[in-house]
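First chain A sits with chain B, and in the next complex the same chain sits with chain C.
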Partner chain A sequence: MTAGILIPDVGPIQRASVLGRVNPLVKLGIALAWLVGMGLTLDVRPPLILTLITLIAGLQLGGIAPTALARRIAPLWLAVLGIVLANLVFSAHNPDPLATELFRMGPLRVTQEAVDAAAGLGARVLSIISVGAVFALTTDATFLIDSLVQLGRVSPRFAYGTLAAYQAVPKLADDLGTLRATRRLRGLREWHPRLIVGMLVRAIRHADQLAIAMDARGFGSGPRSTYRPVRWQPLDAVVAIAALAILVAALVVSR
Partner chain B sequence: MPEGGVFRSRDADLEAIELMTTLNPAQPSAQTSPFAAWRTRDILLAAVIGVVFGVVFAIWNGIYYGLQLAKPLPDALYGMWLVPAVLAPLLIRRPGAAVFAEMVAAGVSTLFGSPWGPDTLLSGFVQGAAAELVFAMAGYQRWSLPVLSVAAIASALGAFVHDWAIYYADVATDVQLLRLALMAVSAVVFAAFGSLAIERSLGRSGVLRGRSA
Partner chain C sequence: MGAGIVLQDPASQLVMERVGDDVAFGLENLAWPLGTMRRRVPEALQSVGLAGFEERRSTRLSGGEQQRVAIAGVLAQAPGLLVLDEPTANLDPDGAAVVARILATLRDQRAATIVLVEHRASLAWPLADVVLALDQQGCPIAAGPPADVLRAARALERAGIWLPDDADGSQAPAQADKLGPVSRSHGTLPILELHDVRFAFEGGDPVLREVDLGVSPGDRVALMGPNGSGKTTLLRLAMGLLRPTAGEVQLGSRDPWRLAPAQIARLAGYVVQDPELGFLADTVREEVELGLDAEQLVFAHELCERLALPLESFADRSPYQLSGGEQRRLSLVTGLARRPLLLALDEPTYGQDRRGHEALVAALDELVEQGSAVLAATHDERFAQDATDRRIELAAGWIVGELGPRDGRAEYGIVVAGQGELETS
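And then the complex of A and B:
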């Protein structure tokens, strides 16, 4: 793939899995509820519990191959490192004379309080990364858009317009390849900020043509019928309740 | 590219069709939401800006977390994540463009493997809504560099508050303010100047012809 972009690879196994059949809006709701819940604590245990449960659920209930999950998460460790370092080195606790000093490195004083907070925030990022990876690897974009329209009352014109634009991603990747090849041919270096203009020119042409094609078929001109009806299922309620119970349990355990 | 250039004939077609759709508006008339006035063309343009920048974000995420050891200096790159919130309204000039394009970009970036997962959607909403507020206060009428800069800084401010709460809860205030300064400068460079430069280039390419903006 161009530039090593990870095109989300949601195959038939993931789509047919338990997490693949749960409504994407439920998964999004869980992700946000967990995010808010993790915002309530700096304890390292609750986010680690959620991370572990998320990863196991992704493998067992989401049908994600362990290698695919590992590949997805591996580069994101750097994000954890960045957040841990920022909170460790620049902690508001470090200059506090009352805080417990752990060690000094030149002008840098690191305190126990800073280590605790940095560990908690690092674990928080880890839980966010895991939830994001499992969400992306089990969620079909079309299912998400259908649910947004039919259950989330998002305007169908905007939702399906977005889906149409999203489906142009492989075409955009091809365009990027062409533009880079053209630059190479002209003896220029392949990567340059101006590539974005070329990409946008091709993308806007494509958008205009799509819009004409969609208008010509009466897109958004009246009440629409649904080709893929989406309804709330018992599974959605079960998963939502289980996820909330897990969140509460994780927060209680840390007390 | 010569003015008019190779794209002329197709542009003429586009304008003719645009005229027909204007005479026969395709919008549901009962709606009063700010989105009711959007033509299909506008929706697709905002969505495609979101998708292109969602892909750019995925690359940018890699650069940003590759530089994490130099914290907080990588925040000078932050402005790239705010470009759709300024570029889309600049090109479309309709209420809601900032929020919509930024949310699409955030969603695409989430599916493509952002380290921030679904939190990216929250960030995207905050960043888009902050810029939207500034454009609304300017009545969606003024699109000068100062207005774009204020919108970009507002967007950076929204992102800053969100990040402080979620990711930098323990960081000392002076470093927080340094982050804010870096993010604000970066927002003006990438989102305000960058969007204007992109708009000019797109204008020269002829691809924006036939738009009211």
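And then the complex of A and C:
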């Protein structure tokens, strides 16, 4: 039902793939480095190159089924289209008399500069979406949390609390559906701000119960051991170096 | 040797995404060495009958399996004291039976002291070495070995406590014929009709398949079957909250999906499984009175009295702060108050003691006399026996059995007679 949409299903194939085995922190680092790298230029090519490479890597090295990838990013690509069009139409370059005019539609003047800016922005959003989708579809949540705690020194309370909360999301989405249904069956319109109160009560109650259950199992009582030890592996270094090389190449090509 | 606790709602006590990690979670917190954990986790899972489940996702398990994972997580720590708070309340009879078997094994091993808080006496009684019966104020009524406590049967009943053996009601119908026929179908147009209804969530397996069902005014229908068999989905289709993938649903000869909220509220009352999801107001009074006319108000107040929620003491309390059993009764008041033609009830007796049960059955009977129909999804054998006379069995979305209208109902007198035997044996 709603669960599949909200939480991607990282199956055994994706988990065993190259991208699935790379430490999630490495993938996060790559995403961050690429984001910064793309900020160095306004050119449209580097983000497009990175998008293409990300998608190919997701399919080839991440074991993602093409349909699964398309389902995840297609709606977001529509949003990109919206961003591009809005930037094209409302660009500050359009009224600028010095800008190169491409065409006019009634009162609307579209300039070369506006097209460049809109395309550059669209390509960047596109690459961020693609990187995010491939990350989500190849990263096992448990692996991510374990890495954050063991290698990233994130507080276990925060990390495991987040993991548990994340698992409650589909349940809360179902709860919202039932709350709306109840309103309808009592002769009221379905949407009402009061729904938020019901949802909040549910979320707080769930968190409360979970905290009790975690405490009852000795969470936070002292030093912990780990059931799934996580270590850096050679693969992490290989993928990190390759990703940096790709970024540099993409930036050089566009010069 | 610490203490371990298992709570009522299985879903809200699972921390980790995978079963093995969740069982190991408590061990990690006690800083057990990795090697010991790797040995202990499969052992604990095996002891609850879930061997090989380590890599499964805990959110994808059934409620019964989740509850067993929670028990395994506590058992893994080899606690000296194991506390279980109504561990089977959210489970179907099969799931509850498995949990009961596990508890029986644990008791026989004498590995830990087990404290079981339970409404279902039929489950708890045979497991107990010592029974402590509490009244509504939390004061002890009786304590001691089960047989001794049963001598106080009268006091227990007065406090609304279920007694063992009267829970499944299976021996009751023998004398029931003297109560007269209770098939009350008024033989008029059906209030609810399902024709060859199929339903599947998008991209999912079918939840309901080829379901044909007619409910006429005066009908009292129990929908039974394990968790996930499609009971709630059927109710939601009937209420127009879902749209069938194929087939036709008619509520009062109209498509409920297209009915406006005001129309549907006149035709049907829906009591959802989790009462908290039915609450729309900040106080019990507002909740009860929401959207009712003057005549319905009088009936709603009367219902509050009868279902042990007198407004004098409950009016200003928040619905969210009531106990589970009180919340259930409040949601029943709101569902029944309009005297709708069709009462769709999802687990109406959840968390009810004997008094709550009796009051509900009486209120439903009265509405049925006046021409309402009852369609109740339930695991509660006794409720099905007392409050319904037609039984639809669902399994994996198929209607696999239909029984009734029956010609008799259980009465409590018979059950109490049965207890005398227990006491002397």
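The working rule: the second predicted complex is superposed on the first by the 240 of 255 C-alpha atoms of A that agree within 3 Å, B and C clash if a C-alpha of one lies under 4 Å from a C-alpha of the other, contacts with A are read in each partner's own complex, and residues count from 1 in each chain.
In this section, a residue touches a chain if its C-beta (ideal position, glycine included) is under 8 Å from a C-beta of that chain, and two chains touch if they have at least 3 such contacts.
These numbers come from a predicted model, not from an experiment.
A.B. asks: Go through the superposed model and pick first if A:G132 touches only chain B, second if only chain C, both, or neither.
C.D. replies: first
A.B. asks: Where does A:A79 make contact in the superposed view: on chain B (first), on chain C (second), on both, or on neither?
C.D. replies: Touch status of A:A79: first partner only.
A.B. asks: A:L210 in the overlay: touching chain B, chain C, both, or neither? Say first, second, both or neither.
C.D. replies: both
A.B. asks: Quick check for you: in the superposed arrangement, does A:I196 touch first (chain B), second (chain C), both or neither?
C.D. replies: After superposition on chain A, A:I196 lies in contact with chain B alone.
A.B. asks: Who does A:Q150 touch here: chain B (first), chain C (second), both, or neither?
C.D. replies: The answer is neither, since A:Q150 touches no partner chain.
A.B. asks: When both complexes are superposed, which of chain B and chain C contacts more residues belonging to chain A?
C.D. replies: Looking at chain A, the partner in contact with more of its residues is B.
A.B. asks: Figure out whether A:T41 sits in contact with chain B (first) or chain C (second), or with both, or with neither.
C.D. replies: neither
A.B. asks: After superposition on the shared chain, which partner residues are touched by A:A164: those of chain B (first), chain C (second), both, or neither?
C.D. replies: both
A.B. asks: Could you say whether A:S221 touches chain B, chain C, both of them, or neither, answering first, second, both or neither?
C.D. replies: A:S221 sits against chain B and chain C alike.
A.B. asks: Figure out whether A:T142 sits in contact with chain B (first) or chain C (second), or with both, or with neither.
C.D. replies: A:T142 contacts chain C only, not chain B.
A.B. asks: Common interface residues of chain A with chain B and chain C?
C.D. replies: 3-4, 141, 164, 168, 194, 197, 201, 205-206, 210, 212, 214, 218-222
A.B. asks: Mind listing the chain B positions that touch chain A in their complex?
C.D. replies: 14, 17, 21, 26-28, 33, 35, 38-41, 43-45, 47-52, 55-56, 58-59, 62, 65-66, 68-69, 71-72, 74, 100, 104, 107-108, 110-122, 165-173, 175, 198, 201-202, 205, 207-208
A.B. asks: Considering only the defined contacts, which chain A positions touch chain C in the complex?
C.D. replies: 1, 3-4, 141-142, 160, 163-164, 167-168, 170-171, 175, 178-179, 181-190, 194, 197-198, 201-202, 205-206, 209-210, 212-214, 216-229
A.B. asks: In the complex formed with chain A, which residues of chain C make contact?
C.D. replies: Touching chain A from chain C are residues 2-5, 7, 9, 11-18, 20-21, 24-34, 37-38, 41, 58-59, 70, 73-74, 77, 201, 203-204, 236, 239, 241, 261-262, 264-266, 268-270, 272, 274, 276-280, 282, 290-291, 320, 334.
A.B. asks: Quick check on the complex: what are the chain A residues that touch chain B?
C.D. replies: It comes out as residues 3-8, 28, 31-32, 35, 39, 42, 72, 75-76, 78-79, 81-83, 85-87, 89-95, 114, 117-118, 121, 124-125, 128-133, 135-136, 139, 141, 155, 157-158, 161-162, 164-166, 168-169, 172-173, 194, 196-197, 199-201, 203-208, 210-212, 214-215, 218-222.
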